[in-house]
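Have a look at these structures, which come just after this line.
The two complexes that follow have subunit A in common; it is paired with subunit B in the first and with subunit C in the second.
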Partner chain A sequence: MHERLSFYIKRDSLLHRLNPLTKMTLVFSLVLIAFLSPYYWTPELILPLVILPLVILAKISKEYGLTTLRLILPTAGVLFIMQALFLPGESQVLFEIWRFDVTQASLESALTNATRIVVMVSSFTIFLLTTHPSEMMSDLTHRGIPPQFAYVVISALQILPQMQAKAQTIISAQRSRGLETEGSYLKRIGVLVPLVGPLVFGSLVEVEERAIAIEARGFTSPHPKTFLRQIPDTKFDRITRTVLIALIMITLGLKIWLSLN
Partner chain B sequence: MALIELKNVTYKYPLTISPVLQNINLQVNEGEFVAVIGPNGAGKSTLCYTLAGFVPHFFKGELTGGVEVAGMESSKSHLHEWVLNVGLAFQNPFNQISGAKYTVFEELAFGLENIGIPREEMITRVNDAMKLTGISELADRSPYSLSGGQQQRVALTSILVMQPKVLVLDEPTSQMDPIGTREVFSVIRTMAERGMTVIMVEHKVEWIANFADRVLALYEGSVLLDGKPQEVLTSDLLLDKGFGVSRYTSVARQARKMGLWKNDSLPVTLEEAVQGFSLTPSLLRQAQDSASPKGRGE
Partner chain C sequence: MKFFDEVKKDFNTMTWVLIPVAIAINIVMGQIVSVLRLPVYLDSIGTMLVAAICGPWAGALTGALSNTVWGLAINPDALPWWPVALLIGLVTGYCAKGGLFKSWWKVVVTGFLVALTAALSSVPISFLIYGGITGGGTGLITAFLVESGRGMVQAVFASSFLVEPVDKITTAMLAFAIAQGLSQRFLARFPRPENVVSEMGENRNQLYIAIGVVVLLVVFAAFMLRTLVGG
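What follows is the complex of A and B.
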């Protein structure tokens, strides 16, 4: 069975020690600045000057590298090709592929948009790799979000791998009684039909039992909750958050000011 | 006055015709360890849910009669108050894991966080409870990576840390090996001696005979027998109704028909059986004879 149920990589680094809210602010400010900045070169600069140093600082180069190869580059690559081919541009046609014109303008905006996506997915990846989910949720519950909401998020993260394992068990059970699960793609899709019933209804029954179990442990108690995990929120955290929010404001202001002129 | 008092409790699940519990009357004193036995569908789990307040607060349906624990009436209390008095652990350990925590330690602290226990006390309580149930070495494991028996211990411990007055357990050892079962029974025995009242649904009759103070036999939603383990577990009334009967009882019952069992009462455990049969010297001689080689006299 899986021991590892989240993306979190346990390391000791400045980034790991930051308060989850600070990290979240960092992620959102990077994304907002990359998307809102009126200058096309902003995302291109964020990538080598912010994202890469953060990855090295957090000591997650290997994991980040793997994610980049498997997820970020393919996504951004597809986006780049689509935009380069299909974005209408007034400017000079550089070359043609079949019946599509690739212009300088379409190439430029394709590059900017693809880089924005890379920045966005990278920021979230760094966040997920350095933040323990229950740390994040404890912190947010501490700050006043409803514990029910926190519970739904965390348990969904945990229960997905369990559902996967259960689906595998059901498939094995059905195969052992002669259900054919191999062969053409059409056949394999057909196999999913008898799987859905037991999986979905089984999960509904489980939900009832789990509701009883957490109720038995005082989940709906109106008493103010206490927390096992202590999550430090230092002066450095608070200053960082203020600076980041100021940067978002500056970018927003710049965009509005430039579009007015 | 008794700590738990059930008066004429009858309960019917929604959309069903016949009641699952019929006219249950039960009084349990503080610190008593009561085992509940019964065939499938006898209403054992429903009795547990009723004691733990989930009937009528979670399962709707029709409940009549009175359920009182520590002077509080269940239908007039909130479920979140009720669970502070009555802790419930049930059979399937997998569904009792909150799913919100990544280590066993955090999992055990979950209930304490919910009811607002200060952090220092939380840590002490979790450590003590883990020591008691022998799961200290699992503290940093993911609750999902444990075996069924280990998960059952975690589920039991997660209720023990909340220190309820009454502990309601629905087959808490169903996935455990004999060693685990023995440990859990002795933990529960210890808790009862410390003043916790325990109601435990269990099929393992020999263990019940060794550890429980009292046995309640449920049959088709009613109390069939209620009394000392030795008397209830060896009663002829349990025969042919799907109750679990100890093999020692069965052997002795058979032996009594053949005139080989001289005691008034039937045994439940191995010790009682050995002690009873040793009162029959002729039997001992017979056993020796039949064990010896046939052709000896020739």
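What follows is the complex of A and C.
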């Protein structure tokens, strides 16, 4: 078996045992509440009061920390710096960097936007770290999503590392033949053709064989499919989902109510 | 239910097998391009290829799932952009269905239409999620425009309209070249092979028309930009 490319870390925790749909609801409610809430401090509060306890509960502190350093902080950091410098604001200028003014308004909205991004990417990261992609797709198929969707996502996750390796091989091979992948803009555009060609045509060759193989295994059969694994959906899961959806509704209602007044 | 039959026509077993490969092509190309430090993304070649030879809804699905897989495997930051990818697939598919994927100049038109769609649909996302200025290269252009005195909305629009046409026309050209390189026997197994049958022939006029269209598009883009930025 080829290794799948995913964030998933196998641990035993409450979060790992939750039904994938419950975790998905949790992610979307965190994101929606962070973005919809009329109060600017909501995303700042979600971070220490919800995200961090969830990370500790799921026993993924180390992996989450690494992802934060590698992905979340760079993304949110760049966003924060750019917005603080460039967002137009009429309010008082706090200080200047070179020729850019940092105003109180731009600093505030930069902080809110960056924190929202941190909340969004963090909640997705927690979900991905605690949920195996096959488990998620299997559960969604149980709930009525066409099984072809599960095939596409899982198979793409398997093909991806192979194709990345193939791309690396092609780049090295073309370099060893003297292809310059550095240099002027036009030169680098020209490099694209000898790289794209072998990669794309090479991977399309396998398509037909694979189609015959899955056809022979009843891929397009209209009969109902049976499942190898049962994914538990407990009463706790259902209650949690209802509560989370209620929370989203409350936030939405609050936002509408406040904007009407 | 004519519409559902049309949607169903897009999906045969070959389509379902091509989609994951196309998703992988999207992602790996996106990474190669960033290694080469080119000012384009080229992360929808696979989407456009599927849209052209399988149909608009297969293309839309490829786009949406492409961002999902990108989010699942590499960076969750890609997830909010799925509607843009979906629309890219859909528009390419309808263009191809209407015969706009059969020669170089028509593919340029497709690329331009896709670019307009992508630009228009990414503006609300960059506003709602990122507050206007995103972290990437487009964000830098937006920031520059804001700094030189443009309004926020205009700056976001203008930077999208600057970046997208170059990217999407190049992508469409590459997808067309790939479709032309595939054998007839292979193409015939997909739902809509007739979309990419080249009608170029020996006609030199095609070339002149192509050049003319590109010039017109550039003039149009420049005009759009001026109205957007200066208005």
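Structural remarks
Operating definition for what follows: the second predicted complex is superposed on the first by the 231 of 261 C-alpha atoms of A that agree within 3 Å, B and C clash if a C-alpha of one lies under 4 Å from a C-alpha of the other, contacts with A are read in each partner's own complex, and residues count from 1 in each chain.
By our rule, a contact is a pair of C-beta atoms (placed from the backbone, for glycine too) under 8 Å apart; a residue touches a chain by one contact, two chains touch by 3 or more.
All values reported here derive from a predicted model rather than from experimental measurement.
Of the two partner chains placed by the overlay, only subunit C lies in contact with A:S109; subunit B stays clear of it.
Look at A:V196: by the touch rule set out above, it reaches subunit C but stays clear of subunit B. Contacts of A:T226 after superposition: subunit B is touched, whereas subunit C is not reached. In the overlay built on the shared chain, the residue A:Q174 is in contact with neither subunit B nor subunit C.
Within the superposed three-chain model, A:I214 lies in touch with subunit B and with subunit C [touch as defined at top].
Of the two partner chains placed by the overlay, only subunit C lies in contact with A:M120; subunit B stays clear of it. Once chain A of one complex is fitted onto chain A of the other, the partner contacts of A:F149 are limited to subunit C, with no touch recorded for subunit B. Touch counts on subunit A: comparing subunit C and subunit B, the chain ahead is C. When the shared chain is aligned, subunit C comes close enough to touch A:M163, but subunit B does not. In the superposition on chain A, A:S13 contacts neither subunit B nor subunit C. Counting contacts as defined above, subunit A residues 5-6, 133, 151, 155, 159, 206, 210-211, 214-215, 219-220 meet subunit B in one complex and subunit C in the other. Put simply, subunit A touches subunit C in their complex at residues 5-7, 35, 71, 75, 78-79, 82-83, 85-88, 100, 109-110, 112-113, 116-117, 120-121, 124-125, 128, 133, 148-149, 151-153, 155-157, 159-160, 163-164, 167, 171, 181, 185, 188-189, 191-192, 195-197, 199-201, 203-204, 206-208, 210-211, 214-215, 219-220.
On the subunit A side of its complex with subunit B, the touching residues are 1-3, 5-6, 132-134, 137, 150-151, 154-155, 158-159, 161-162, 206, 209-230. Of all the residues in subunit C, the ones that touch subunit A in their complex are 11-14, 16-21, 23-25, 27-29, 31-33, 35-39, 42, 45, 61, 65, 68-69, 71-77, 79-80, 128-135, 139-140, 142-143, 146-147, 151-152, 174, 178, 181-182, 186, 189.
Listed in rising order, the residues of subunit B touching subunit A in the complex are 49, 52, 54, 58, 79-80, 83-84, 87-90, 92, 94-102, 105-106, 109-119, 122-123, 141-142, 144-145, 155, 158-159, 162.
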